[in-house]
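A short write-up of the structure that comes next.
We just call them A, B and C in the order they show up, numbering each chain from 1.
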């Protein structure tokens, strides 16, 4: 490098520094950026490649609008329930007396949050199906007949199945924040005259709020994108966005391909809001940890 | 007139007796320090006053203004506390933090606002009212924590090592501030610290603790000049300790040395004693001063260490390391391996019983 | 002292029941001769297990899944580890961009990823886009966050910068530093990430279904077929699936636990 004028050296060196990252960026480009860009631009074009918004107007049809409504409602319900139940469960686990139990329960949550898809759906069929174990228990021991009012092959059943991996996910997400709730804050609040309830309302919950909101957003995204569980449990009859897109990909339904692209683009927008929101709440709660 | 009193207070955790038979009477408006090494029980005792720990039942109690506050929960004791980590609520601004206690005490909006302003003026941090704790420096956070505790006009103020997380310079400035505010408001205060300089400089009364028991209670000067136990003598300041046996009257034989002590020796009946002499009470000479009225010992200089305001020499006297202070001007007269004589008055000796 | 809330036991109990009952039910169902009328199975048998595992398709789909998972795992380790290391140590400026690519998969549902890949690469021919290779690459995308995070956490925890400086000051060159100082200390992160990738890809159904479908069946696809066809055999396969996920999760936890203990020891007594 000696002999090279100083003003050339830094630029060449800094470019060389980026070289080892090239494979990764190439992978990301080819497998993430380009395909997504393709689908988004494709949604804005018609069959001849001309720009159009026709695909999006087709998405406004009652059936497809209903699928979005269903997906959003399902995700919101499982996210909300997951946040509440997961936080309560996480709080209960953290206060467990035995350290071994705390570790084991956290490990269980770790494992359970990765259960999903067909095996999970199937386990729920075995448990809550028309001849499932819990169904039989309820009817034989307590005389309660779940069916036909309740069907596990429905949105309700789906909610129960989704909660199986949503609640553990929330437990894992909320634990660092619960641990970060310093006991001195509670003592300081009590010392200043607050009751337990006032402490939770004025201090603890506001401090946990970013994590709770972030958890909701992440759980929402997790539920929205789920496919295998729904498909196994309820089959193609249920009207969810992911089910419809998959059917279009498989060519099972004869519709313009642009529709799938438009649905995908809208879904990406929804997910982007969730992920960005989650990252933002993360940054907020980190700022307070000092 | 006693305002806060602890009677026969003790606290036992599974496997360890953290506080044993703690008895103390504090008059109104006084600043009392609990001073001692880590684990001596000072913070546990403080937390019992605050109500976050309960004393062992049926043994003793804590009384405030004559009433037994032991059964009262912490949120209703009207005792303000400043935590070691400040414990400022991160989701609230400085003003909201201070207002919190006032709102819990159901003050009107106007009263809350005026008190917040007043207390911010008192700690001289009015301009930080709208900021969040993480935007403040350590010293500022500490003052806000103090302001928050004082805003509710508590009957007693408790501080749990409030300055331990700060730089030395900030610490010295802040402890003066705390003392100023405390005496201006004439609020009864208990201050826990392991820093003896802190305790000695701001307290009306110092309680020296060790392993759960009180070693000595007294004014700062009394603690320093008249330590009553070996632990206090060793913990407060530096002291040379000469083990010896009383040989009649006011003479103590410490191996090869004979020391003349004040006539009022406090050794009780035991002949085994330890004589304590502080380095600043010793004078170092480069030749035998030949004085009869003073104690004189001699030895070889092993170390000379510079401590800023003073310089300390370590002298080997018959195998024992003796520490004596010299001034800047004297420094040039001494060097390593030099034979020197150290003299000190009998009054500088403090004699204490020694268990063998 | 804070007292635990009164509902603690109840909450934990309910949580455990909710988590364990479906698993237990599936397990028992796979061994039951008949279990649709009574509270307890009418009899026990191994026939469903034998039937499900006896088919040739069982071994084949299992092998396919193993191959895909292993390939994705190895490729992820090779791709992500040097990238994370280089970014952390030499080019912190690149960090936001790298992390963007690892966050992106969270915002892309499986079906959308499959659609995007097909839309983008179908023009190059069906052989490319509907191939196991594309499946491996797609699985790498969704498991990217799970590989990256443990590695970067290990890099942070091991204080790689200081270790590198110490190694250099003792005379070690780049290669020796990398192989003898850095790699051993972040191995727990690499192994955890690898295991997570492996287990995530193994159970991935959506991408396998949409990208390769009937041409190259993976184990999850095989399982789903049975849910329509014979529930009892499906339950046996589901148990295998659960056991497998459980085993790899435990392995990850064990690796992480050991790394934590080692690190605490190295930091010395506090």
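Please note the rule applied: contacts are C-beta pairs under 8 Å (C-beta built on N, C-alpha and C of every residue); 3 or more make two chains touch, one makes a residue touch a chain.
Everything quoted here is computed from the prediction, not taken from an experiment.
Taking A-C and A-B together, the pair of chains sharing more C-beta contacts is A-C. When chain centres are defined as mean Cα coordinates, B lies farthest from subunit C.
With centres defined as mean CA coordinates, subunit B is found 55 Å away from subunit A.
Our note on geometry: subunit A versus subunit C, Cα centroid distance of 17 Å, whole angstroms.
Multi-chain contact residues of subunit C, defined as those touching 2 or more other chains: none present.
Those residues of subunit B in touch with two or more other chains are numbered 52. For subunit A, no residue reaches two or more other chains under the stated contact definition.
Listing the residues of subunit C that touch subunit A in their complex gives 2, 4-5, 7-8, 11-12, 15-16, 18-19, 21-23, 25-26, 28-29, 35-39, 79-80, 82-83, 86-87, 90-91, 94, 97-98, 101, 103-121, 137-138, 140-141, 199-200, 203, 205-206, 209-210, 213, 220, 223-224, 227, 231, 234-235, 237-238, 241-242, 245-246, 249-250, 252-253. Touching subunit B in their complex are the following residues of subunit A: 182, 184-185, 187-195, 198, 202-203, 206-207, 209, 287-290. On the subunit A side of its complex with subunit C, the touching residues are 17-18, 20-21, 23-25, 27-28, 31-32, 34-36, 38-39, 42, 88-89, 91-93, 95-97, 105, 107-108, 110-112, 114-127, 131-134, 136-137, 140-141, 164, 167-168, 183, 186, 218, 221, 224-228, 231-232, 242, 245-246, 248-250, 260-261, 264, 267-268, 271-272, 274-275, 279.
Against subunit A, the residues of subunit B that register as touching in their complex are 50-52, 73-76, 79-81, 83, 85, 87, 89-92, 100-101, 104-105, 134, 148-149, 152.
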